């Protein structure tokens, strides 16, 4: 640990689930100090009053929610997290960047490079297209160096994280075809946010499982952008999200076609070895991607409350497919943990600080 | 079954959880016909559109929600159920009764005999005090004959049902003291209604249990009224509701003091026999109260989707107390099933019609 | 309803979840009488003692579990349900059929026509291969006429039901390709049976979702057999089951390739019309398959406790795929409800008797 | 933090839920080193293989389960935790103490001072009565000094923790009567352990709530022992445990009688002030007992994964009672967290080490 004084950070929109998880991580971060939190609804109340689980932890009993004033926040913090709904974050980012403050945005506002794609998937013109070219997609495993020097980091979506990490290295290595990819994802209800909405009431979600947003969910845009970057060509995938009755967790099952045939046991072994090597090269040094042992499949309960993505794959000679399964905590590696990982890179901290 | 044409019934406020359960029971009732359902929010949509589980059942694919117009409903139905929030039901009841329609009200508006008690517990003057004297508390096991001839039935609350049925016969028989009664109750989240409210989101209720409304929950008023009637003297009790992560079900544990001491095994046996006899006399002929066998305790999963209350008790010689435990489905025996039971009495049907 | 005396039925292995659901349906069946239930573990205890929810219902308070004696059961019942583990059912089936009793088997023992496939997927020679040719796969929507005249009915598996009903008619009509089919399925924990096994404890399943049995789950054998029959050629599919924290319910999402291209809006409309017509012809008269309205997707909570399969589909012009989603209750349409449907066909009853 | 080399600790019975939580805390403890873990069932497998959530953490990928050999463990560790079933722990404790190793026992074997009470509640003679007099009941808030110098610590039960902490200071101060105490407790299913048992299957516990073990649960013995110590006289209480569908958490609601009357608002204020002062004196300096603010009631979700007990109380002038509600995580403050707290005291570490 460094002896330097801690970096002051702030969170705009700290009262939602991602905001709460950010608070949790930053309260215990050895090199960051939570200097301000905002929530229009809770102005004047302390973190502990709104989140009783934080009582007695660090500044939680004294730090009060304020109005989201960009000038004040730029003065109070060196780095500001935006945990706001899509479309609302851009305005704050503009003001904060103009004031010289770095921004880590957890919304989708800066994840796409192309404003036309934003308009196609989000249904309106991008509110700050001039910032898109400098925004860095904040997935450390794919863009670590760019994150280190960014002013504006677009922290990835939860579904995209669960899909990209398993697939991008294989595409990059040419081990799987860039066509015909299918991602079938299951998400816990916290992914819908802390909004009062009938479909997310306990009595509506308990003993229920349902697909939604098929066939063209908004997250497709950033998934395809990043897969295309990895493949070096335009990738179009099938993505089907489902809501399941857990609070936290995403489980994604992907159906992929290896570029090589593997009709015999020998061919399967050769291919398996290539896949093993490719994934080991990509992830053996990564602190938050775990390649599961033979015979083990992911289970969200093993990654809940952690910043880890668990990954396992199977080849099926009957169908010629590769099946990849991954699990994350949607609020940690799928949101706030990944954002703290970006903070650590940005500040030159140990990448795992505050995440263990 | 009678050959007569079915009784036409309507539901005002059919889009909440109690309303939905009423619809469920009435769609399959052999002698009732669901003639109208209202919901401001869903006017023009069919029952199946709002409740896909009813698709293909009876009139569910054709019957549309309408505005809650008392004149139209009085014309369409002989009996109208009110599944409305407290305070809203009274106005409809007045208009419907004036038009000659009978009313079964599932709200708390007519459960109290005393308008002063209503004002104490509900914080405003009663909206229709002139109707309180004729309203009948719709618990068949306690007021069967009055229900048969009523114009206005106040269907009991869910917590009160789980508390009154175990305790009232013992108080009436003088087997327990009328002082010192404690009811500790646990309720599923559907009891909070289908309202978009953050505390009842899945991610707030899952992996959570919490007391609320202590020490003076509104339901105390009707509980004490009915216990006092049973005891023949004023009864004041302790009642603590808790929210638990199930969709349906109430489990109540009551702590009671027998009027007789039972310090020896023989005294315990004598008392146990008296309790057994008292409860058997009260409930052996009741279709919906089940006295559990020796060694068995209630479990909400055994009463879910049924109109049954399961009941078991234990004497504790160490403390001198009688412990009574009961389980119901808050939406069936605790709300809509009990209301249908009242309908059956009102119409002279078999009391179990539509409830099995 | 017929005036004839009810058909006497028995259940071997009535203490598991499928057995319990069978008991539930048969206790209320208007034309069947539950004459015997067996469970080695519970011999001498009544149905109500083991399943308190049935207390007070029909014979539940008096009918006692017996040893599974084929001779006695053949004497007591005209039709016997086998709710036994795979591999155990065959022996009972042989003895019962020899005694002239018809058998509805809920295990996998007689679902496959080919004993070699049984051995491949179940890891041992088939225990009664001589019966395979006459056993009828008990899915009424696919084999109604054969069920009516069968002596031995192999009631389908839960996953296969959720996969076959959406896909078989389209394959039969040549509207989708027989290659490349993927079925991604999610099942509630009751599917694992009432066996004391650590992975199915509450604390292991709650807040958990996990794939299992990939890529070659046993149910593949019967799925591919029936899809091949529909397609008129050998079909090999990808099938990935997952365990989710609900008690009941299966949600299956299938990825299919239409035989016709649909790159333009007009082509999509034409294809959509063909699909609509094909499914309507297959299912409009079926009492238990519901084609959801435009804009609605299945949710297991709408089919729980019912014998219905809910079905919706989407075309995706971006990928050229057809996505079909379906929901059932694994214990009803996926097991015991479908078995009762077969009973009704076998006996000439209304096909919905005991199922509404 | 000390510069000294870490204390070596071992866990016997590390594969259950308490064992897993101990592993979790000790893997991250700054001054303890997990030197050995035992599990007959998993000999030769690493911690990560059995608990995939620990993969990549500390020694989890290399430390293997061994047979529970007291000689080997005494050589490997200075302090040994016993996470074993009741009745099994005593034998290991004897051998380890004889070898000079200190023991923190999470079972009930050494919680009672009186072997006769053990026999009454556990149904057999105590296996090592000679150790009872020196064993210290490991609740730091009540016995901190004794824990510091103990050789054998009996870590408290989960229910007792949730009951004793709220009530003991009030009894000690004479603010509540020692008679008539009622504790109504709700526990998550992990409290039943990782044992394959039908009543704790997901499909049995989900959508279910049930009392059990009333009126004489085994935990009564240690509760009454400690309350009697606090009161200075024999205390007998009513205790009713219930099982609720959460993985972790205990919520206890206690009904108590203040020694002073409080019939007027003024009397209530005076009493409230005394209670406030008494609890503040007891707990303001305690790191793991949180007195909730006015208007807030406990919720298990706020203490899950923490070593905190949250506490709130209400006076009811209508009934003359004091109601105390408390929440803990049964596996942390109710088991393994409290055991680590004892370890910290025993070793002179910061009491919160490994617990934040």
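Labels for the chains are A, B, C and D, by order of writing; each one numbers its residues from 1.
Throughout what follows, contacts are C-beta pairs under 8 Å (C-beta built on N, C-alpha and C of every residue); 3 or more make two chains touch, one makes a residue touch a chain.
Note that the coordinates shown come from a computational prediction; the quantities given were computed from them, not determined experimentally.
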Task: Count the C-beta pairs in contact for A-B and for B-C, then report the pair with the higher count.
output: A-B
Task: Starting from the Cα centroid of chain B, hunt down the chain whose centroid lies farthest away.
output: A
- prompt: Using mean CA coordinates as chain centres, what's the chain B-chain D distance in Å?
  reply: 39
Field: Intercentroid distance (Cα basis), chain B paired with chain A, Å
entry: 46
- prompt: Counting in whole Å, what is the centre-to-centre distance of chain B and chain C, each centre being its mean C-alpha position?
  reply: 37
Task: Check each residue of chain A and list the ones that touch at least two other chains.
output: 204, 206-207, 245-247, 299, 301, 304
Task: Would you mind writing out the residues of chain D in touch with chain A in their complex?
output: 28, 49, 51-53, 55-57, 206-207, 287, 290, 292-293, 296, 299, 301-306, 308, 310, 356
Message: Quick check: in the complex, which residue numbers of chain A touch chain C?
response: 182, 184, 186, 204, 206-212, 214-216, 236-238, 240, 242, 244-249, 251, 253, 255, 297-301, 304, 314-316, 318-319, 321, 323, 325, 327
- prompt: Which residues of chain D touch chain C in their complex?
  reply: 17, 188-190, 194-198, 200-207, 245-247
